[in-house]
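The two complexes that follow have chain A in common; it is paired with chain B in the first and with chain C in the second.
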Partner chain A sequence: MLFSSIVFLFTFLPIVLILYYVLPRQFKNPVLLLASLLFYAWGEPIYLFLMMFSILFNYISGLDIARNLGNKRAARKSLIFNVVVNLCVLGFFKYEGFVLNSLNAVLPVEIPFQEVALPVGISFYTFQILSYIIDVYWGNVPVQKNLMDFALYVTMFPQLIAGPIVKYAEIDEQLHVREENWGRFGEGVMYFIRGLAKKVLLANTVGMIYTNVSGMAPEDVSVVTAWLGCLAYTFQIYFDFSGYSDMAVGLGKMFGFEFPWNFNYPYIAQSVTEFWRRWHISLSSWFREYVYIPLGGNRVPVPKHIRNLLVVWLLTGLWHGAAWNFVAWGLYYGVILIFEKYFFHRVLDKLPEVLRHIYSLVLVMVGWVLFFSPSFAGALEYLKLMFGAGGHGFMDGEALYLLISNLGLWVIAIVSSTPLVYGVYERYVGRRKPVADVVIYAGMFLLCVAYLVTETYNPFLYFRF
Partner chain B sequence: MGVHKDGRLDLLNILKYFMVLVFIGYIVFLLSRESADDVPIKTLEENTLAVISQEGMDKGTTQDLKRFYGLNVQDLDGAALYIPNDIMSVDELLIVKMKDESQAEQIEAAAEQRLETQKTSFEGYGVNQTKLLNAAILDTRGNYFLFVVSKDADKALEAFKKSL
Partner chain C sequence: MEERRKRRRNSRNKRAKSRKLWMARMFLILLFLICLLNIVWPSREFSEKENRMLEQKPELTLSGIESGRFMEQYESYQSDQIAGRDLWVQLKTRVDLLMGKRESNGVYKGKSKYLMEDIKTPNQEQMEHNLASMCSFQEAYPDIPMYMMLVPNAANVLSDKLPSFAVTRDQDKDFAEIQKALKGHLTWVDVSSAMKDHKSENIYYHTDHHWTSLGAKYGYEALAEALQLDTSKEVELKPYAVSDSFNGTLSATSGYETGYEEPMYVYLPKEEGTGPEVVVSYVEEQEKKATLYDTSKLKEKDKYAMFLGGNSGLIDIRTTADSTDRLLIVKDSYANSLVPFLTPYYREIFMVDPRYYYGDIHEIMENNKITSVLFLYNGNTFVEDNSISGVLENAETE
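Presenting the complex of A and B:
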């Protein structure tokens, strides 16, 4: 089920909210759990079993690790067993095709295999589970003895499908004690509507420009057209994913939870390092905490630090997708971050702000080419077009048309990806003018609904991970 | 591992290993289900339609299948057809479940012929339509065939492959 669907907005969510607020405290978690299972089963009934098996296995593993904490060796064995099983399950569903296709490409024999569909949200909920298991092992959190609360942590529908990746330590207490109030509820509604507007009004609209360009024959694409297509995707993926995260955070607040922020205006970053402090924050923080720091982080000699960065970014790339272009995408960022850390930072610091922005955005956009292309070869082809090797000139009528006919949209997308719009809103409306506030949000909501009733199925880009 | 400190294989460990067996059994079940040779045409149709824009096309009839492709539905195990709903539209989807793989050649030829006819119709004046037609996908997998003309043709192919 999509947050940006009529059935979710006008049936599922109202029913769950009513039940949640009408029923006494002891029924609130069961209501959320049942709603979450239904939410997941709506699109993937067969994979509901996988998630339930995963919950049971990890619940038992958590208990096993916790009781062995006094015996470090036994606890460590139990942890390794658990991590291996979780990664094998994730690996099978996500990487089986990639691995066997890659092997078949180099081996003289063809290994026959049957690919299965990727269970939605498996990368997100597996990482959440691993955060719990590792934190129990490290003694950072107490073991969860209540199976239902553990199941709720894993399945909670607001962030089940596409994050943010909520670490168990961040939510442990809230599973037992949380306060729902009108203030938080209202804030949640505002977050949700902002996210919905980002997805429906901005991501889907600007995404049409990208679809248009990506559907063009390469020989018809000029340099500017290629850059405009890439820029459109740059905006689409930001509004799509951050919109989803805003909706998730908003829904969490409606049910009394506080989820971590996932985005902080990444496109205003002045370096790629800063970009990654602002983009998909929950994933970066997961890798930092559970991979980078255990490997030694930056408190090791330079060669080891470089190795650590490359390992983290290779894994980040692989987490996003089982294809060579994602591996390249991850390593691309790993290399840039290493260069920024050891070589560029002195130069970057001296550059004017505007040049730092341009530098960061150009590198990020080149990164998105690796990300949106169906294959590594496809990415190289698109990059050729962007850098003038396409043979269709620098600018043509199509580029001019894309630029002029969407001028308003480009401007809206640019200002909406900076803190400007929200800053103006906070300054002139905010909480000082509640009526205007309600009118603005109600207007945005109605506009979104108007778009949704005429729109076809349009899932979030990050569902594929 | 599996043996607790008192030397016994206790309930918690038995359950843990049992769950691993459950995972394996479940994956075997999924694989056998995926490799089943009888995916209903309706499933393929639903899965494919879920990922493509249906704007520009309507469900076609068995007469349309005969008219545009020269195929008789009774010769096939099943077919789902969506045809352009506007004179300027080229969006089209055909999914066929064959009775056996020997029909593949005939069906591929029929779809190629249809594609050529459409290309000829729009050549020279329908720039966007020609782009879509040039990006059309024809794919045969076992007893199943897919022909799609859509801006989402890649997604349709992906959904088609994953459904089989």
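Presenting the complex of A and C:
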């Protein structure tokens, strides 16, 4: 199920809210757990069993590691076993097709295989589970003895399918003790509505421009059209992903939870390094904590540091998708970050702010081309169009139409990806005019509903002649 | 000083708190209000506005859950049956317009309240197949003259009415290629220039993708020239309004101008009784009527179906015209409003719509002494058609 659906908003959420708030404390976690399982099963009925296996296996595994904490070797063995199993499950479902396709491409024999559908959210919840297992091994968190609470941690529906990746340490306390109150609920509402608006009003609409451009024949795409298509995707992925994270944080608050922030206006970054401090923060911090720092981080000789960075970015790329263009995308950032750290650093600092901003955005947009293209070769094709090797001129009528007919949307997308809108709003409305404030949020919510309803506005033209 | 700052902070905290409280109330009220309305709102089977069946509550079955089909259906059911659906749809369309959007579901919201379908990109493979089978069809009947009449769409003829900066595919270029492919086999009826000559008149409906009766009349004039019809004894025709509340399919497709109502005309002899009598047989439906117009359709949403009752696979029109010629038209619905102009010149007119016709076209050719064949399509339908070749090749495959 998606948050941005009529079923979620007007059937699922009201029922869960009523049950959650009507039932006494000891039933609150079970209600959330059941709701989460139903939420997951709605889209992936079969993978519910995989989910249950993961929960049971890791619950027992956590207990086993904790039992062996006195015995370093045994605990280590248990940890390695667990990590291998978790990664194998993830590997099988997410990377099987990629690995075998790649092998088949280089090997003289053809290994037959059947590609399996990717269980939704598996990358997210596997990482959550690993954070628990590793932290138990390190002694950072107490082991979770209550199966129900552990299951709730893994499946909690607000962040189940698209993050943020909540580390166990961040939420351990809240699983036992948390306070639901009107203030937090109200905050949650604001987060949720903002997130919904980002997703439904901005991401979906700007995404249609991208779909439009990506569906055009390459020979019809001018340079400006190619950049507009890429820009549209740049906005789409940000509003989509950060909108989803905002909704997750908001829903968490409605049930008394505090989840970490995931995005902090990434497109105002002045360098690519800064972009990654602002983009998908929970993933970067996961890699930092469980891969980068254990490898030695930056407190090692330079060659090793470079290796560490490349390893982290290779993995980051692979985490996003099982294909070579994601590998290229990850390494692309690894290389840029290394360069920024060791060379550009001084030059960048001297540049005026505008140039630094443009530099970062262009690199990020080129990165998205690697990301959205179906293959590495496709990415190169698109980059050619962007840099004038397409042979359809710099600007044409199509580009002008894309620009002008969506002018309002472009402007809103640009200002909404900076702190400007929020800042101005808070200053002149949020802190001053309670009625206007509530009416605006309500209006935003209703508008989102209108957009969601019309998604199926798909008149059937049986009289089309 | 200190005291005052404290007081200010206190009041700010209070305000922040009451803000959150109101947000929470607002959200819960909206959520439960809409939820309740949904429960009491009566389920509809059919949406007049969108002209389609709406999803009904799906039945809960184990296999439905396992395959996920139940969930999908349930989601569309909830969207389709949400309380006040039409209002939600209107709200969205309004906001889109405010944002500068002038295109929805492949329909442009043009100037002077003109809705126009985007020019369709040919499905090359299918179209070449169709053209080739038209040529070999002609080769099978070398003595019977055949004509191709391709009507340009509104977005091509009225391109100055497109929204600012909008560009469409060049339909003239597509037509030129089609003409080239048929050269030597079918005679090309140039209706594009006739339409362009009259583009300041009401030749296309504002809210529908068809041409108006006036447009069809100009089309007929171009056709009469190509067919070398003897129009010297033509009786004078006069337009009669049959409806003033037509809101066509483009409006339904796009959600634009859903309240726009326009007139529909039919051209009848100025003096009653001077035109030929007709008997229209809808062959597959096994129905016979003495008129070209089905006025009962004027009470429905798709009023264009008034012309020859909408779509039938095969229509056979016999007339009392003083002629021995028999015409076969392979066509789409554009022909329906043009054929009335042709009735004075033919003893019999067969209309075959390949999309609905499953019979043998060669049988018609051979059993009825057909004297000419006309292919009549609008550009968008023709370039996407996937049934012409099937009907024309029927005999060869059997």
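FYI, the second predicted complex is superposed on the first by the 454 of 465 C-alpha atoms of A that agree within 3 Å, B and C clash if a C-alpha of one lies under 4 Å from a C-alpha of the other, contacts with A are read in each partner's own complex, and residues count from 1 in each chain.
Methods note: a residue touches a chain if its C-beta (ideal position, glycine included) is under 8 Å from a C-beta of that chain, and two chains touch if they have at least 3 such contacts.
Computed from a prediction, not measured in an experiment: that's the story for all the values here.
> So if we stack both complexes on chain A, do chain B and chain C clash, or do they fit?
These partners clash in the superposed model.
> After superposition on the shared chain, which partner residues are touched by A:Pro14: those of chain B (first), chain C (second), both, or neither?
second
> In the overlaid three-chain picture, which partner chain does A:Lys350 touch, first (chain B) or second (chain C), both, or neither?
In the superposition, A:Lys350 touches no partner, neither chain B nor chain C.
> Scan A:Arg427 for contacts with chain B and chain C and give back first, second, both or neither.
neither
> Of the partners chain B and chain C, which touch A:Ala117 in the superposed model: first, second, both, neither?
first
> Looking at the overlay, does A:Ile46 come into contact with chain B only (first), chain C only (second), both, or neither?
In the superposition, A:Ile46 contacts both chain B and chain C.
> Once the shared chain is lined up, is A:Leu447 touching chain B (first), chain C (second), both, or neither of them?
The answer is second: A:Leu447 touches chain C but not chain B.
> Tell me which partner A:Arg299 touches in the superposition: chain B (first), chain C (second), both or neither.
In the superposition, A:Arg299 touches no partner, neither chain B nor chain C.
> Go through the superposed model and pick first if A:Arg25 touches only chain B, second if only chain C, both, or neither.
Neither chain B nor chain C is touched by A:Arg25.
> Identify which of chain B and chain C touches the larger number of residues of chain A.
C
> Mind checking 94-102, 112-120 or 148-156? I need the stretch of chain B that runs into chain C in the superposition.
With chain A aligned, chain B clashes with chain C through residues 112-120.
> Which residues of chain A are in contact with chain B in one complex and with chain C in the other?
Shared contact residues on chain A: 46, 456-457, 459.
> Hey, which residues of chain A end up touching chain B in the complex?
Residues 46, 49-50, 53, 56-57, 60-61, 63-64, 67, 71, 74, 77-78, 81, 85, 89, 92, 114-117, 211-212, 215-217, 220, 374, 456-457, 459.
> Quick one: in the complex, what on chain C touches chain A?
For this pair, the touching residues of chain C are 12, 15-24, 26-28, 30-32, 34-35, 38, 50-53, 65-66, 68, 71, 74-76, 78-80, 82, 85, 88-89, 91-93, 95, 98-103, 105, 163-167, 209-210, 249, 252-253, 255, 302, 304-305, 310-311, 332-334, 378, 381.
> Write out the stretch or stretches of chain B touching chain A in their complex.
By the definition above, chain B touches chain A via 1, 5, 12-13, 15-16, 19-20, 22-23, 26-27, 30-31, 33-35, 50-51, 53-55, 131-132, 134-135, 151, 154, 161-163.
> Which part of chain A faces chain C closely enough to touch in the complex?
Touch list, chain A to chain C: 1, 5-7, 9-11, 13-14, 17, 42-46, 182-187, 189-190, 192-193, 205, 397-398, 400-401, 404-409, 412, 430-431, 434, 437-438, 441-442, 445-447, 449-465.
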